[in-house]
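My questions all concern the structure below.
Just so it is clear, A, B, C, D, E and F label the chains in written order, and each chain counts residues from 1 on its own.
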Amino acid sequence: MTRLVQYEDAPPEARAVFDAIKAARGVPDVNNFWKALAVHPPTLARTWDSLSQVMAPGALNPLVKEMLYLAASMAAGCAYCIASHGAAARAKGMTDAQYGELLAVVAMAAETNRLAEALRVPVDPRFD
Amino acid sequence: MTRLVQYEDAPPEARAVFDAIKAARGVPDVNNFWKALAVHPPTLARTWDSLSQVMAPGALNPLVKEMLYLAASMAAGCAYCIASHGAAARAKGMTDAQYGELLAVVAMAAETNRLAEALRVPVDPRFD
Amino acid sequence: MTRLVQYEDAPPEARAVFDAIKAARGVPDVNNFWKALAVHPPTLARTWDSLSQVMAPGALNPLVKEMLYLAASMAAGCAYCIASHGAAARAKGMTDAQYGELLAVVAMAAETNRLAEALRVPVDPRFD
Amino acid sequence: MTRLVQYEDAPPEARAVFDAIKAARGVPDVNNFWKALAVHPPTLARTWDSLSQVMAPGALNPLVKEMLYLAASMAAGCAYCIASHGAAARAKGMTDAQYGELLAVVAMAAETNRLAEALRVPVDPRFD
Amino acid sequence: MTRLVQYEDAPPEARAVFDAIKAARGVPDVNNFWKALAVHPPTLARTWDSLSQVMAPGALNPLVKEMLYLAASMAAGCAYCIASHGAAARAKGMTDAQYGELLAVVAMAAETNRLAEALRVPVDPRFD
Amino acid sequence: MTRLVQYEDAPPEARAVFDAIKAARGVPDVNNFWKALAVHPPTLARTWDSLSQVMAPGALNPLVKEMLYLAASMAAGCAYCIASHGAAARAKGMTDAQYGELLAVVAMAAETNRLAEALRVPVDPRFD
């Protein structure tokens, strides 16, 4: 698998991002995703910065944002992201019943997405 | 583009589904998606039946379900589905601000999904 | 849209491939796909050569091969390929009922593919 | 990996589906896919119900349906589904030569799908 | 299609980004992509900011970066992005011959990507 | 995982391709990809033949071609291909800094590809 950069081996710019993540989340260590990204410190810094902005509370509450992130990750088939955002959604209060319904919506979307494309359905004028 | 089966040309099994959709949604005609699906009445019937079950109110409210559907459709890049579920989410109350944040989450997920896969990041044991 | 190279404007290497396609298929002109590929004659020649080998009759009959091609193109969401291989499958005898069932299988696969990935299901040992 | 619900721990609605699968297939236990889906019994029941309808013999024979399912799963890159439907196709009689040709068609489709999209080829009027 | 926000209708935060893009590129107006993104000014600002950082000259020259962007967009099948980054690569000096070879590499990658996944090939230990 | 055909068990047509790969690359054994492909010798031969043509030096130098292959494989999320073409790019001289920038471009493309599709942005007339 990929090279994971540990805190003690990280260059200063990466260490600063690790510190920011640990402080924001109140955790003793960062996830593997961040350790892997540290192979390119500018991408590590930019990704954390963007993610913090995007996931901040706003017009959508944090649990809904996390479930949207999980749904998009399931639709894209990213195993790591499904695992990490699934855990994050649980931590923010997603119940088993909510998870089951999210799963059903994502699966249904996959089926109708495919049907709409396979049939090359023209967009209804009233949608625009 | 695809062949769209109009109500007057639809076989009885398809017409029954069209009637059910119109009644459930209180609309005078069905969307192009359903007219296109009518080329195979068993798939039309099964899809409507499944969709009704999946989108019924439950542990998640209808707007959240619709936004999850939209996010999954955006992640899959289905233009028709983005248009139809975007319109449906608006009809269920999605505001401009909520739409903007949903878009940002989906875009961010696309970026981190790709990074996690490109780096082949191993799943953290604590996620499972 | 893309630049389409017409026969009269094509360089000799491209013209030779156009001639081979017209002869093999008994048609007066080639499809847009080949005219578009002619912007890079080596890719045009290689693609036609590979396609001819892959689609030749073998352990699978030509209609089954064409339906597999159509199913894969639907799963990948390629609108042009769905249109062209849909037309080719019709020309090789695909009936409305067979098309409807193919569509249903592709849609069902999209749904269960997504579910298997979303749930990160481990492969059963007996499959290998 | 994912949580797999065993028969003895399954709630009654899930157990009923497990029983139906075992009876239909004449097997002593269900695959991991169904055990994973049992985290949401309504999705488990709906998926089995839909799959049974879609895969029933019809205008296409069961082996062709299974090969279409396999081709679509390969095009979508779902490892679990490739393993399970590959095993199912073998069980229904797919030979090594047929498998090799299916693989070649799926790979060729991936290449030409990408080329058609990269070149943004306009659909030929005669396809519609 | 989507709503495009013109300069005169844009809110101040969006207008500032439009001005920055026009200044950086020396163009009288921004592309549709930016006008569409202006429906959510924070995403517009964040995207322009990230793009500027990522595409700045560095260890890779601007033409190579633009060709990598084009290749990734082709692999993802994004028609708009193929058109816009294709035009950008041409503007940075991509020749017809380079474009043809890029197309061939992307198509070949699509085929071998699919084969590697369809065959579920285990990663060779020496790659890591 | 998949069945890997070793040299000593390979049929003559597959062995000839293995010999050609070993000679061209100066390696004592072929990668797992080729051993897996040997289950269908015609696909093995055709794939090696195509790959040799596509990756030969031309208007783009071998390192740029390899990086384009890697970028396309990352965009498609093929873990095996990311590992093998990542190793090949390193062998052809890709530095850590170049790898980091390639990763950033691919991630950025994923985000803007998704945004362009989610917003259904119309192609600017001047791109064509």
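Just so we're on the same page, a contact is a pair of C-beta atoms (placed from the backbone, for glycine too) under 8 Å apart; a residue touches a chain by one contact, two chains touch by 3 or more.
The model shown is predicted, which means the values in this text are computed figures rather than measured ones.
The chains touching chain A as well as chain C are B, D, E, F. The minimal number of chain-to-chain contact steps leading from chain B to chain F is 1.
Between B-E and A-B, more contacting C-beta pairs join the chains of A-B. Residue-numbered contact pairs of A-D overlap by over half with those of D-F, the repeat interface among A-C, D-F or B-F. Put simply, the C-alpha centre of chain A and that of chain F have 27 angstrom between them. Note: centroid distance chain B to chain D, computed from Cα atoms, is 21 Å. In chain C, the positions touching at least two other chains are 1, 39, 42-43, 46-47, 50, 54, 74-79, 83, 100-101, 103-104, 106-108, 110-115, 117, 119-120, 128.
Judged by the touch criterion defined above, the protein chains are all mutually in contact, each touching every other. Contact residues on chain C toward chain F in their complex (touch as defined above): 1, 42, 46, 50, 53-54, 128. Taken in their complex, chain B has these residues touching chain E: 77, 96, 99-101, 103-104, 107.
Chain B contributes residues 39-40, 42-43, 46-47, 76-78 to its touches with chain C in the complex. Across the complex, chain F meets chain E through its residues 1-2, 4, 31-33, 36-37, 39, 43, 47, 50-51, 54-55, 58-60, 64-65, 67-69, 71-76, 78-81, 83-87, 95, 97-98, 100-102, 104-106, 108-117, 119-124, 126-128. Every residue of chain C that touches chain A in the complex is listed here, in rising order: 74-75, 77, 79, 82-83, 103, 106-108, 110-115, 117-120.
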